[in-house]
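In the two assemblies presented below, chain A is common to both, partnered first by chain B and then by chain C.
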Partner chain A sequence: MANIHPAGVFDTTYEEDMSVDRTPRDKLWKNLAFVALLLVPLLSVSGPLGLISDQYVGLIARIAIFVIAAQGLNILVGYTGQISLGHAAFMAIGAYSSAILARELGFTFWTALPVSAVLTGLIGLFFGLPSLRVKGFYLAMATLAAQFIIPWVLRYPLEGITGGTRPLNVPAPLIGPFASYADDPIDDATPLVFQAGDPYLVDVISLELGRVDGAQPAIELRNPSGDIVPPGDFNMTVFRDADGELTGFSYIATKPGEYAVTATAEAGATAFRARVRRGKALSFATETAMYYIIVPLSVFLMFLARNIARTRTGRAFISVRDNDLAAELLGINVFGYKLRAFFLSAVYAGIAGCLLAYERNSLSLDMFRLDISIEMLAMLIIGGAGYPLGALFGVTFIRVLQEAAIPALRPWLLEILPVLFPFIEVVNITSAINPILFGGALIVFLVLEPRGIAHRWEVLKVAWKIRPYAY
Partner chain B sequence: MPVKLHVDNVSLSFGGIKALQDVDFQVEAGEIYAVIGPNGAGKTSLINSINGFYAPQQGRIIFDGRDMTHIPPYKRAELGISRTFQNIALYTNATVLDNLMAARHIHMKSNMLTGALFWGPAQREEIAHRRLVEEIIDFLELEHIRKSIVGTLSYGLRKRVELGRALALEPSLLLLDEPMAGMNVEEKEDMARYILDIHELQGTTIMLIEHDIGLVMDISHHIAVIDFGLKIGEGSPDEISRNEAVIAAYLGEGER
Partner chain C sequence: MEEFFNRYKKELTWLFYAIAIALVLLFLREQLADKKAARIVQTLISGVLVGGIYGLVALGIVVINKASGVFNFAHGWMMVVGGMIFWSFFTVAEISVPGAALLSAATMFMIMTAVSLRSLLQPRNLTIAVGGALALTLLMTVGGIELKWLHAIVGASAGAVLTGLVVERFTIRPLIGQPLFTAVLMTLAIAEVLHGLTQIAWGTVELNLPIFVNPETNRRFSVIRLDSLKDMLGGVTIVRVELVIAFVLAIVAFVGFIAFFRYTSVGLAMRATSEDQQLAQSVGLRVRVILAITWAVAAILASIAGVLQGGAVGLSLNISFVALRVFPAVLLGGLESIGGAFIGGLIIGIVEQFGTFLNSSQQVGTDLAPYVVLMLVLVIRPDGLFGEKRIERI
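Let's turn to the complex of A and B:
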């Protein structure tokens, strides 16, 4: 849609003419919307003000995550005119790689996020290679391969680190620990007892064994309920030396109360020394805290995508989409830009996957099935492929439909549908409501608004801006 | 005058169809060189071979003294070859401005990262190139449609936008494939004026394919005539109008 000036607004420089926010009012609205988003958790029931249901914090966070993923798809499908049926699989790479980097290699969330995003990008680029030769339907089939191969690789060959079909625990992101505030040596069976734990400002308890010869000392950490924390607990990272001997662990105490560490040498074993360090860290284990990572990051990534779309790279993408032959003959390395689009699209998917992993604290391959890939394509079509806000509109529309509108309409639908379709069993109707409404919405959009909500939005925006003149 | 382009003994065939047979000619720097010939003669195939979309089975394309044979199309554009298409090939869903800006690609430096952040050099670059593109928009009188989606424009305007896009590349060789086809007299005159202005103001070497003989005779320095893939004549407009073979194969046809 043409970029139309509000009536009475004239640009005096190209810079003004190119800006996204046409008037100070545009900017104000955008900033207000952002501030309102950031206020939601504070207004929620578990926040200090307790005005709106907690459900919305999680809903908005999940929308923000899928907006990132769908925006990645938008770059590839909407702007560059390629296709991918494997987007959910790329999310899986971001999710699993970021979780595994943290679990196995001691990465923090902050380092795991960019590393997993780039890794996902590179794998996305690899699956984009067929775009050199094939387009459209055949390319769809080639990307479908990603949707089968990637989960299979995560499930079987990598089962040792992914857990295969079992859920994989993901540690919460932390900022810190800051300088440790306690550093206590222990050398006998007397437990070291201390107060720790808080859901937001957690204590990171790390225990280092000084020297262990031969026998393994027994180390125990008891939580406030008096239970021994097992080494497999997802808040615990265990450290071992090259021979696989335990050298210590680090535990994130989130529950307030009394913790106790006991280290006992086995009978007849060599003496050892151990020390317990404690430090405070800011934890993002709660949904509210994660919200403050996810939502600003999502907004920032939308901003980046918007800028890419309106500068050199984005115009190259659009050229490839609209006429790849002309693009190639007019100086654009078409294949190079297709690969960039696959890379960028997968980077966005990887970031979304990583956020999903850390938001849920737990991962399973079920979260990344083919139907999720297809659902994201549908969201993009409904929202408006190739429009900067297409992903936002599409994801919001579908998620609100699924998580708020359908549950609200459900009792009413359950009354009316069995009357309309007496020949269908009630159980079948119940399970069909979701897919029918989703499919119905998709068909309605394809017929009535094939360019999506974003297109309608821009038309309305133009009409509003040029008022009171019709042209 | 130095040679800008040498089509060196080029042959191209599609299966049994011989689109070009041993075609050989030279275009001097700074001239308007026209290629004429009936439909299906191989004119478009010639342009496609020059900018690398087709790979001739025989012969070489030598541009600025450099053999282009193994240079991919997008690099040939970087080296200064630009073109328009017989059947308009614009970026239909983008604005006129974006179509022209897209052709600045080879002269711009910003990448995904600097573009994403859109500050400092990336922003200044956008503005500088926007300024250049606006000059072309002024020159071609496209101001009123600069923000229109190309797909919504009339045929004549799209032809003009396509010329603008080709110019935005700042080529040293401009290949125009029937830029006036399907236009009314007025539009044709405008287009001829633009072509002459480009030639005069920028010194761009122009290779023009056109059916309107009168117009070609008026504006070009040299003319090549091809028929069934063969070059059957070449020379100044005067020479061409006196060339027996050309009159028989082509000009005569028009008079009949």
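Let's turn to the complex of A and C:
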């Protein structure tokens, strides 16, 4: 679509032609939208105004995460024209690698995010290698193989660190601890009591073990009434040294309250001494706090993708999509650019997976099935592949359909359907609504508007800009 | 050096394959060294038996791909729908007269049309069709529970044809002229919708489809024990009868469909359309009608495979995953090759059974091995064993 500007605005330079914000008004609208997005948590129940329910904050955060993943897919599918059916598996790598880096190696969220993103990118590069020999549909089959091979590797050979089919807890992101103000030795049966008050400024307890010979020490956390604290109230990180020997634990309380820690050496341990260090840290354990990590990062990555599309690399991607033979003749290294697109797209998926892990606080392989890959492709098509805003529109459409429209429709359908079709059992309806509506929406878009919502949006924008003269 | 490579490219490629196969055999020898010969033979047999059904599934995918260039990701769910419809007609006690008449008329219409598109215009064929429909209606209403086989076959084929036609008319036909990516996504969307519909209509519980039962005792068959081979193999080899029957039926269906493609006028028209749509149109074939019939035929193939798989291992939504394991078989055999589909199915079946045999705890056979084969095929020989060579190297 040609750039259409309001009356009186003309492009006289190349910079003007390529600019994202051509008029000050474009810029103003974008900045206003961003500020409004940042103000949403203040309106929620846990914020000062208390106008809207907390679930909308979580909904926007989840949309923002999937916007990142779908934008990565957009680079691959929309700009470079390669099909990927394995994007959920790439997300799984980002999620699991960041969680394992934090749990086993003591990385913080801030260091685990880039490391896991690059790792995902490299694995995406590996599964992009068949694009040397095959293209189109065959490449889609290669990514389909990735969708099965990667979760299998995470589930069985790496079961020791990923937990296999069991869910994996992920610690909340922290800034800090700022000050360590206590340094108490701890031994058998002397409980250590500490307060975890504010959800934003949490107590961090880290236990440094002196030397552990033989069996592991049993560390227990109890609340004042003496019950063992459920794992969800705490995030635990285990530290090991280079030989794999246990050197310490770190606990971070996610819920306010009073807790007691006891450390007991199991039978067979010959030497055991623990030291406790306590401190305050800024925690992102709550949904609202995670919102302020996820949403700005998502907006930043959207703009990054928009800008990549305007560079030499982006133009090369588009030429590979439009005609790879012609691109090769123009001197573009087609294979190299396909691999670059795979890498970038997997990096985006890795970031999205990492954010998903930290937002949910818990991971399982069921979150990354083939259905999710298909869902992401569907989001992209419904939104509009190859448009900068396509990912945003598509993800918003599908998520709002799933999390707002389906719950609203469900009671009505539960009444109507058994009357119309007496053989239907009510139990089966609830879980079947989602695939039917989702697949139906995809079919409708593919038949009626294969260019997606973003195309309609462009048409609408042009119509608005040239009003009141339509021609 | 480069000249040498170019000159002996073919020989070197074959040498490379030979070395690779030798390495695989050495690895297998290492792995199988401590296993009993009887178990190995048993695994091989069950691999071939499972592979027969896979070949049938692969045939359905190949038929659609040949005719319209669409790779059908929804084939697994078409299997589920076909199997479930068969189950519904199989378990229903009796069928009303109008229902039976409608189903019989539809079946006779299908049979006559499958032979030749215009055959019903001839008075003789019309008489045969009407007579057949009346006889079938009479059998279905009078026969009662004794003829539940007839109910199920007639009902399932009508249901499958309806599914195929509806899918083709409302989702595939509007996409003519769209890029490949759209067709891939469309079949994925069909898969989602069929998933939801089967779940609403039949639920997620595994259904019992007792088609492979011993007619005398009305129970499941006991297994065949190959005692005569005991001395040679050093152990008893056990073969499941259900799988044998399913395999034989799959072969029969396979041969039947090959005969259909070779000898009937509709089958010939389908092959002509898949060779070149424009040329087919120019000699007077109705390409749109042929494409619709192709989808109906593929849906029937999917139903047969669904019924056989459901009867052999249990009918539930999980049999849709069989189609995912068949994709490697299709690529291995070649996207356009009907015989290749069968060979690919057999190979994947054997690979799967050996994977399960060597490492049963980690689901290597079902969750990993077929996809590793898929990656290898894509890297080494993307056109498959018997597929058309494409000159698209970029």
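Simple rule for what comes next: the second predicted complex is superposed on the first by the 371 of 471 C-alpha atoms of A that agree within 3 Å, B and C clash if a C-alpha of one lies under 4 Å from a C-alpha of the other, contacts with A are read in each partner's own complex, and residues count from 1 in each chain.
By our rule, contacts are C-beta pairs under 8 Å (C-beta built on N, C-alpha and C of every residue); 3 or more make two chains touch, one makes a residue touch a chain.
Model, not experiment: these values are computed from the prediction.
> In the superposed arrangement, does chain B or chain C reach more residues of chain A?
Result: the larger residue contact count on chain A belongs to C.
> For A:V334, is the partner it touches chain B (first), chain C (second), both, or none of the two (neither)?
both
> Look at A:V77 in the shared chain and tell me whether it touches chain B only, chain C only, both, or neither; answer first, second, both or neither.
Second partner only, chain C.
> Quick check on the superposed pair: does A:N323 touch chain B, chain C, both, or neither? Answer first, second, both or neither.
first
> Kindly classify A:V419 by the partners it touches after superposition: chain B alone (first), chain C alone (second), both, or neither?
After superposition on chain A, A:V419 lies in contact with neither partner.
> According to the stated criteria, A:A432 is in contact with first (chain B), second (chain C), both, or neither; which is it?
The second partner, chain C, only.
> Name the residues of chain A shared by its contacts with chain B and its contacts with chain C.
The overlap between the chain B and chain C interfaces on chain A comprises residues 325, 328, 334.
> Which chain B residues qualify as touching chain A in the complex?
Of all residues in chain B, those touching chain A are 51-53, 72-74, 77-78, 82-83, 85, 89-95, 98, 101-106, 108, 110-112, 115-118, 122-123, 125-127, 130-131, 134, 147-149, 165-166, 169.
> Can you name the residues of chain A that touch chain B in the complex?
These residues of chain A touch chain B: 1-4, 13-15, 17-18, 304-305, 307-308, 311-316, 318-319, 321-323, 325-334, 340, 344, 386.
> Contact residues on chain A for chain C in the complex?
77, 81, 83, 129-130, 133-138, 140-142, 144-145, 148-149, 152, 156-157, 324-325, 328, 334-335, 370-371, 374, 377-378, 381, 417, 421, 423-425, 427-429, 431-440, 442-443, 446-447, 450
> Using the touch definition from the top, list the residues of chain C that touch chain A in their complex.
For this pair, the touching residues of chain C are 71, 170-171, 174-175, 178, 180-182, 184-186, 188-193, 195-197, 199-204, 324, 327-328, 331, 362-363, 367-368, 371-372, 374-375, 378-379, 382, 392-394.
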